[in-house]
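When the chains are written out, they are named A, B, C and D in that same order, and each has its own residue count from 1.
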Amino acid sequence: MVTEVLDVRHVALVAQYADMLQIGARNMQNFSLLREAGESGKPVLLKRGLAATVDEWLMAAEYILLTGNDRVVLCERGVRSFDSATRNLLDLTVIPLLRQITHLPVIVDPSHGTGIARLVGPMALAAIAAGADGLLVEVHPEPRAAASDGAQSLRPTEFAELMRNLPEVARAAGRSTRSRTFLSV
Amino acid sequence: MVTEVLDVRHVALVAQYADMLQIGARNMQNFSLLREAGESGKPVLLKRGLAATVDEWLMAAEYILLTGNDRVVLCERGVRSFDSATRNLLDLTVIPLLRQITHLPVIVDPSHGTGIARLVGPMALAAIAAGADGLLVEVHPEPRAAASDGAQSLRPTEFAELMRNLPEVARAAGRSTRSRTFLSV
Amino acid sequence: MVTEVLDVRHVALVAQYADMLQIGARNMQNFSLLREAGESGKPVLLKRGLAATVDEWLMAAEYILLTGNDRVVLCERGVRSFDSATRNLLDLTVIPLLRQITHLPVIVDPSHGTGIARLVGPMALAAIAAGADGLLVEVHPEPRAAASDGAQSLRPTEFAELMRNLPEVARAAGRSTRSRTFLSV
Amino acid sequence: MVTEVLDVRHVALVAQYADMLQIGARNMQNFSLLREAGESGKPVLLKRGLAATVDEWLMAAEYILLTGNDRVVLCERGVRSFDSATRNLLDLTVIPLLRQITHLPVIVDPSHGTGIARLVGPMALAAIAAGADGLLVEVHPEPRAAASDGAQSLRPTEFAELMRNLPEVARAAGRSTRSRTFLSV
């Protein structure tokens, strides 16, 4: 289970139950939270800030790494742009770029990255083809009834179809695949 | 042969020799040039402007379509961003987005889109996985000696390797492939 | 009279009647048009492109200057941003910045820069306080009935009030003032 | 004395000594910190996030106001842009815009907003002309020796000169002036 932490005072409690702590985009430069999450010893999922450069993102990761916790995963989730056609602008180029300058794994969140359910599948395939190590995909049994982010959530059947198509793209892009699905709350 | 036209007064001459006319990103809203290119009857490659929304891009295409010339191809080549880590920010989400709102084919230029040769291959595969209809890739026999754009040009051997990997990704993403390479000058 | 030219083939005709030629933001990098405007010998108003850096803007001006025509005026009219609260993001910092690196006069268009009539007055005063050499302000006798840009147009009485307040701000900012109003069509 | 707080656990301590708490741009959406700062009862200076829309900025202010603490001051300090000519893009249009939609005072930080000492003076005058209620200006006795932000710091003599010119611009823009200078650490 991956759980977002928003407050330094909650880290210890959340770390008792979650398998992985998530730092959200709005907290990417909340340095107290980064340190506290690092010191929990749990793996940390570090989302890219809304207008963070690749350099700033890696420097934020350093706050976690400096605690001696090297289990950091970077997550691209789209940056702010001038075009409101999509919720954010998903920047897949960071995948091969980061591979050349860091050993940290990079995953992609096409749900927040696009904000539109019908675009999630193609962008998930594109992320894998570009070399992503994993995906963070929102799924909801009844997207229209979701309390939040319904417009970008896949139905379980749509998710299952995506998971069927994905391994072949991964293989074609020269990646070995091992499907492990985690719950994020 | 695809040739960029920069001046309305050159369209007729260029159209005598080129198979396709290219409108560059800086001329996407040069409406006289769009009309003149349309009236040539030649296929037109319309690059997205540096800060053009998807709506503005499609409206620029309308200037060509209104001349009765419906052979327009849209080309994503990256937009301007706050991060100088890459030359532009390649926006692959427009591929599935455009597929839902227009019948026009969409191709991707990962060379200008990234500006860095080592990123071109992965982003070319990602573009095809996202559903792109084609690619515009810069190749140079000796990139370091190129008069311009050397940093983003593939060597012929690198291009050949990319072309070997591409069909499998296309098939995995459910696309039929037919490789036809055009010269762009 | 300041008149926008959109097509190289119209420059000679427009130059017969206009006192000054205007190059619009969408044509800032239409290099044929820049050269042709320069060769007309008329003063040229060069608007900043929607996502043009200061360097690119000055390099565009060079195309005009290279024809031997040094009567070029730069016009800041706002750049593209992620916030749709205003039509564009008016970048007044370019005024003192340009003063340090070029001798060309700099004027400001707070009408396009904000897109909202009630913001035009304060931003006009701010532009003058920052050192602008002039303003380009849209005025319409009946803004709601305007064919275009009504939302950003001042009524004649509002314009008159602005012109009354302006000289004092200019003096306070250490500028001498000489009010000359030109018609732009 | 205005002091930035970076960690919810420091708010109580800082509030014992500071006259005003500052929430930095990187913490604008650190909602725990906003609430804690609000509950301290101290006035809060809320800097705009690096890519925050006006709506998001006002919603961040609501987190403070909801604690019953209505002494909130908004501070524009520039947003992220595609042009590296200045450190940030100072958005002065928010001054008259915010005046129409909120009663909260708005001040401007031209030091972070431009990043270049020679631009601070003109932009400070422009901010006041646009209606700003105050300024946050960095001053250092020896800018070249400053541990950080030296490039954007005024010398005391430059600051004194700015303070001499400011009242006249304020009066010209129809503002009454009362100069009170606070120390920010």
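Here is the rule we go by: a contact is a pair of C-beta atoms (placed from the backbone, for glycine too) under 8 Å apart; a residue touches a chain by one contact, two chains touch by 3 or more.
The structure presented is a predicted model; accordingly, all values stated were derived computationally and were not measured.
The greatest centre-to-centre gap from subunit B, using C-alpha centroids, is found for D. Subunit A and subunit D touch with mostly matching residues; of the residue numbers seen at this interface, over half occur in both copies.
Centroid to centroid, with C-alpha atoms defining each point, subunit C and subunit D lie 29 Å apart. In this assembly, the C-alpha centroid of subunit A lies 44 Å from the C-alpha centroid of subunit C. In whole angstrom, the spacing between the mean C-alpha positions of subunit A and subunit D is 33.
Residues of subunit C found to touch two or more other chains are 51, 80-82, 84. Of all the residues in subunit C, the ones that touch subunit B in their complex are 6-9, 26-27, 29-32, 50-51, 80. Put simply, subunit D touches subunit C in their complex at residues 51, 53-55, 79, 81-86, 89-97, 100, 113-114, 116, 118-119, 121-123, 125-131, 165, 168-169, 171-174.
Looking at the complex, you find that subunit B touches subunit D at residues 51, 80-82, 84.
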